[in-house]
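In the two complexes below, chain A is the common chain; its partner is chain B in one and chain C in the other.
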Partner chain A sequence: MNQNKKEPLFRITKRTDIPPHKSWIIRGVAIVIALLVCAIITTLLTKANPIEVYSSIITGAFGTTRKTWITLQNLSILLLISLALTPAFRMRFWNIGGEGQILMGGLATAACMKFLPGVVPNGLLILIMLLAGIIAGGIWGLIPGVLKAKWNTNETLSTLMMNYIATQIVAAFILYWSGKQSSGKIGVINPDDNLGWLPKIGGIAQLLPVIIAIIITIVSYIYYNYTKQGYEIAVVGESDRTAKYVGMNVKKVIIRTMFISGALCGLVGFLLVGGVNHTVTTTIAGGQGFTAVMVSWLAKFNPFAMIFSSFLIIFMGQGAGEIATAMGLDSSISDILTGIILFFVIACEFFISYKVTFKNNKKEEA
Partner chain B sequence: MKKLTALLLTIAMVVSLSACGQTDSASASASASAQEASGETKTVKAGFICLHDENSTYDLNFINAAKEACEAMGVEYLIKTNIPEGQECYDAACELADQGCNFIFADSFGHEDFMIQAAKEFPEVQFAHATGTKAHTAGLNNFHNAFAAIYEGRYLAGIVAGMKLNEMIDNGTITADQAKMGYVGAFPYAEVVSGYTSYFLGARSVCPSATMSVVFTMSWYDETAEKESAKKLISDGCVLISQHADSMGAPTACEQAGVPNVSYNGSTASVAPNTFLVSSKINWVPYFTYAMGCVASGSAIDTDWTGTIATDSVQLTELGSAAAEGTEEAVNAAKEQFAAGTLHVFDTATFTVNGETVSSYMANVDDDPNFEGDHEAIVDGYFNESGAGFRSAPFFDLQIDGISTEN
Partner chain C sequence: MIDLVSFIPSAIQQGIPLLYGSTGEILTEKSGNLNLGIPGVMYVGAISGVIGSFLYENSVPRGEALNPLLAVLIPILCSLIGSLIMGLIFCLLTVTLRANQNVTGLAMTTFGIGFGNFFGSSLNKLVGNDIAAIEMSRTSSYFSAKLPFGDSLGWFGKIFLSYGFLAYAGVIIAIAIAIVIKKTRVGLHLRAVGESPQTADAAGISVTKFKYVSTCLGCMIAGLGGLYYVMDYMNGVWSNDAFGDRGWLAIALVIFTIWKTDIGILASFLFGGLYILHTQLPSGIEHKELVELYKMIPYVVTLVVLIITSMRNKKENQPPESLGLPYFREER
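For the complex of A and B:
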């Protein structure tokens, strides 16, 4: 603007029209740089051959059929949680209560597994478990939704706090169910007759979450892009005044969307209790309710892109255990590597959104 | 963009489909039968599943023992750390079996159900589990429980505490009536009850006026709660603290308050150099040596195996600098009596329940969900904790006089 003033060393301008292929190149370059940095740090810290570390990460995730299935199952669960949080995020409603919504869904599922066998046939039992999980998770999401819609409370705080309430409710039920002389664990539910255990499709226990994740991914994509409700979410997210102006019932949209978000988390609770663990503990969600926030953000709330961001995290996580077992390293090394990769991936988003122009020679940073 | 995602989805599906095609359980069983045919002694490959890693004193104790036993026997081994008490334990056990392990061990109580699941799937592999209660009722010949008569170690640690109380009484620091100890327990669970009762009986055997107050934290690992509980006990007049929970919370609180502390699972002298008295611990090397020896020779592993002082499974650490004079001698005297079979920790002559001597008690050995008794535990005038014909995990859950419990 001011011609007389000295030009700064570099200038940052917002990009408005970066073509998709270019943004993917930037991301790819970021991952390559991240892997190089990881290799250097691994060698410096552990004296281990980085190629060996990378190959054991791959072995850890895909080394055997069983490992591949476990990786796919964990991927599906994290993807489902991310998909569950996304409708709220698209509405600019910061639902960080995934953890609690999963726990409540899991608790309701466990209660059905514990008390309904013998009352209803197994097929009906599983259906009731599914409904109970979805409704319990949905209600846990609905509460902060209603608070926001009616009294405009801060949803970040309310969803976060409801995680702790859910953890304590689950802890209380576990103590109550396991009896006062117990060691604080309820153990596997129905270990002998496997009542209420989700079916192994084709003999593979891990297949069901994978199928459900694929279905929900596709349905989510359609919901956001081709339905009236998906459009309403987008409009409310952009500006609730615009939404009001065009005659949308913003409160209704908020409450409905939070129910969907919580219900999908409840579905994950159902899968974790009925299909994966067959028991409920306070740590069943294992922090994935928070990890999923990052997964969803990294993917810019795009259901298909979430497959990659959740894959990255699960892949490194599976590799962690393998590194610890095979190379005798502490499993923290994988956390360090994941951290480095995420740092680069998140940082590269800056270069996708903004353009850096240097003083003399106009150079683009990738 | 859409093309790219479609392509990647397709790849994901192809990967998952090709994964369906293979089965590796067949190859695993084939190699097992090949081993059986090859001769008398089988090559043992061991797998160990640990709840945490070396940073937890509980798991470190297992990891060190596993390495020592395997290296002494020349056994190939794999250790999986940070395995939660969930489906991950089943997955880890199956992966170890896939990798050719024929002896698989898990170290945490909550692993048990998942180990049983894996044991059902791999009948040719021997599964063993520490602290568990279900092997004798599970009806599987390849799933085993193991523990140690740690109550004898606790009793010895109690003697160390009692000697310290006597020293305080003799010095005039406290009167005999003030010889009150505090105990930070995890859950009011039989393993914990058995532990603090045997510890208390040991202390009272040398300091007859000793009493004890127990607080439960309702968690196996909660540093803050353990520290706060210890502080509360100290402010309530407890002059010596012990604990059964896995963090450094209680020893740290004791060091700050200058109150002597009896530890568990290993020495805590590093965080409490001035107040650490002694720690009892289980040495797992004898069990691993025994069980892997059974796998090698093809003989059956005991469904319930209880290590003792005689098998060197129950150990005391070196005494801390705070221990009273003459402690070593008193502990050795009791050890000899244990070895000779003349001393029983839960001798019914040494304790009462509601003022009465216990002559009969139906203990809950078979893990009844309603905690109803199923086995007569009083044998020859003593409570036969972890005895032969029962189970290895403790089941003593009587509330004896002299110990008060809070919350």
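For the complex of A and C:
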């Protein structure tokens, strides 16, 4: 009876190889469609002309020199977080704990800024802040790494929990430091003497994160493609059995990579506290630890491609925020638009990895 | 000392949204789908219900009484439809299009929270009203209506009978799901799909169908948690980000209950209690930072449970074997 079962309408086959330019064309098409859908939705909600909407997105992000620098700074921060999470993702370790690792890095940095001025000169202070941030973030990444290596604890869930533990620790320290006034804020640290504030290169405060982001992008690329450790990460990601078989110490690779991942997040915490905000709050990471997961994935864990994916997210967010303020609507519309773009890009990955053949196209004779 | 008669009811009220969220997520995870979009789904469930009741309240003139049945059914239906759409998006992307579940889930959370906050704060503006705040007090009164004889039974009435109907529905749903998963053939098939989709597929179980149905149902249940929060607990008042991190706490609960919805009932009340335990600290204490450390307890406890279950490595206490992994028949 099953012999004359109908042939399915379409069949799906895995593509063995797709030229890179073709896959980028597919992604580009998906983004264009997503932007069109976003335009339609914004038009429906705000009743504004879609061309106007997009031009105000552009002025929102690049309208003035100051706005351009802020956009570049936000772009660099998101890019840095994405780069930080990537080593873990490359070995298929789902580190969604960027948020917590950034917070711990930021907290350690803030502690140094608060208590060390006067004890050490400013140059040394900044160096200590950097180290403290990196180590604190690294430890926060190391813990889930060790748990995974030792007992195979699910890393998605453990890093997620670590985020909220970090949030509460930071909240507790902020209250402790703010003391009796207990406003729940500690305000700008060292507002008068600017001790521990990161230097403004060429008079532009936003330049430092940009430079660091460029350096880390290049270093990551080299690390993944030309070093032994980068190769080990790739092998563990592909199959930890293979890695074990060829004699790699899988546990060591996991723990080391998670320390690097957390340490880079800690570096972002250091930049946010020392350079951008000059204070620490529970929201310094602002959900970017999660956004970066998507940025890194969209770029297929390629450091250079991440520049584009983080640009897309920042650009839309900044621009949509501008429209919303102009129309007197809530700025969370940017999250809706970001979500829609992500849905489209996530969906288009399917057409890159698989080929869909329709029944009519085949015309089988037999 | 803590006044238990007033503390337990408020712990339970805190726990109900978590119960809905974790019940939905457990059902989803049993099929092998790790839906990190639950926080977003709960926002969408809440705001969809609010939109429903907003439209209904606006259609009935101020002086007239609402039809109690419609006042309850319209928000529930809207909430279910909203969360169902979210579930379908997740399934379409992860099951049909085989996308990464973590990324899809996080994108859904971004989208859902944005969706909730945007409509929550702009709904009045979009229809041209002057008032900014969303206050669905008329429909909400039907959601938060208590049992009539609750007040006359002293402490018993306060602890067991002082909730709106969605609270009881949540408990019943959790028990029903536990029975279905543990005792029925459908539940067995569902577990098989989550543990080893290859085996289930070979045995003739439709993996795709099970994943779709359980994930969509899971989202709908979780969405009701959002609805309970805004219509009952908040008395129909929407304020942005008020729901906070409860969606993530619901995911934490899934681990804490080691994937069992019946344990989830008491566990969610416990988490609800831990969530508000800091309110029981004497108000004039020296160290306010303790309050924040108290709020940390649910997450630390969850992490410890997660570590212990992975250390003991007992088969029945583990996450579903294929959790978070896509299934593609042709890929071996």
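Criterion: the second predicted complex is superposed on the first by the 348 of 366 C-alpha atoms of A that agree within 3 Å, B and C clash if a C-alpha of one lies under 4 Å from a C-alpha of the other, contacts with A are read in each partner's own complex, and residues count from 1 in each chain.
Just so it is clear, a residue touches a chain if its C-beta (ideal position, glycine included) is under 8 Å from a C-beta of that chain, and two chains touch if they have at least 3 such contacts.
Because the structure is a prediction, the values reported are computed rather than measured.
Enquirer: A:339 contacts which: chain B (first), chain C (second), both, neither?
Expert: A:339: touches chain C, not chain B.
Enquirer: By residue count, which of the two partners contacts chain A more extensively, chain B or chain C?
Expert: Residues of chain A touched, chain B against chain C: more for C.
Enquirer: Once chain A of both complexes is superposed, is A:101 in touch with chain B (first), chain C (second), both, or neither?
Expert: So A:101 meets neither chain B nor chain C here.
Enquirer: Which holds for A:325: it touches chain B only (first), chain C only (second), both, or neither?
Expert: A:325 contacts chain B only, not chain C.
Enquirer: Contact-wise, after the overlay, does A:157 reach chain B, chain C, both or neither (first, second, both, neither)?
Expert: Second partner only, chain C.
Enquirer: For A:279, decide between first (touching chain B), second (touching chain C), both and neither.
Expert: After superposing on A, A:279 lies in contact with chain B but is clear of chain C.
Enquirer: Examine A:175 and indicate which partner it touches, taking first as chain B and second as chain C; both and neither are also allowed.
Expert: both
Enquirer: Please work out whether A:188 is in contact with chain B alone, chain C alone, both, or neither, and reply first, second, both or neither.
Expert: A:188: touches chain B, not chain C.
Enquirer: First (chain B), second (chain C), both or neither: which does A:288 touch?
Expert: Neither chain B nor chain C is touched by A:288.
Enquirer: Figure out whether A:67 sits in contact with chain B (first) or chain C (second), or with both, or with neither.
Expert: Touch status of A:67: first partner only.
Enquirer: Using the superposition described at the top, list the residues of chain A that contact chain B and also contact chain C.
Expert: 175, 182, 330
Enquirer: Using the touch rule from the top, collect the residues of chain A that touch chain B in their complex.
Expert: Residues of chain A touching chain B: 20, 24, 64-70, 72, 175, 179-185, 187-188, 191, 202, 204, 210, 276-279, 281, 283-284, 286, 304-305, 307-308, 321, 324-325, 330-331.
Enquirer: Which of the residues in chain B end up touching chain A in this complex?
Expert: Its residues touching chain A are 1, 4-5, 8-9, 12, 15-16, 19-20, 22-24, 53-54, 78-82, 84-87, 91-92, 94-95, 98, 109-110, 112-114, 116-117, 186-191, 218-220, 369-371, 397.
Enquirer: Of all residues in chain C, which touch chain A in the complex?
Expert: 34, 36, 89, 92-93, 97-100, 102-104, 106-115, 117-118, 120-122, 125-126, 240, 245, 248, 251-252, 255, 287-293, 295-296, 299-300, 302-303, 306-307, 310-311, 313, 319, 323-324, 328, 330-331
Enquirer: Taking the touch rule as given, give the residues of chain A at its contact with chain C in the complex, in rising order.
Expert: For this pair, the touching residues of chain A are 12-14, 45, 94, 96, 147, 151-154, 156-158, 160-165, 168-169, 171-173, 175-176, 182, 287, 290-291, 293-294, 297-298, 328-330, 332-336, 338-340, 342-343, 346-347, 349-350, 353-354.
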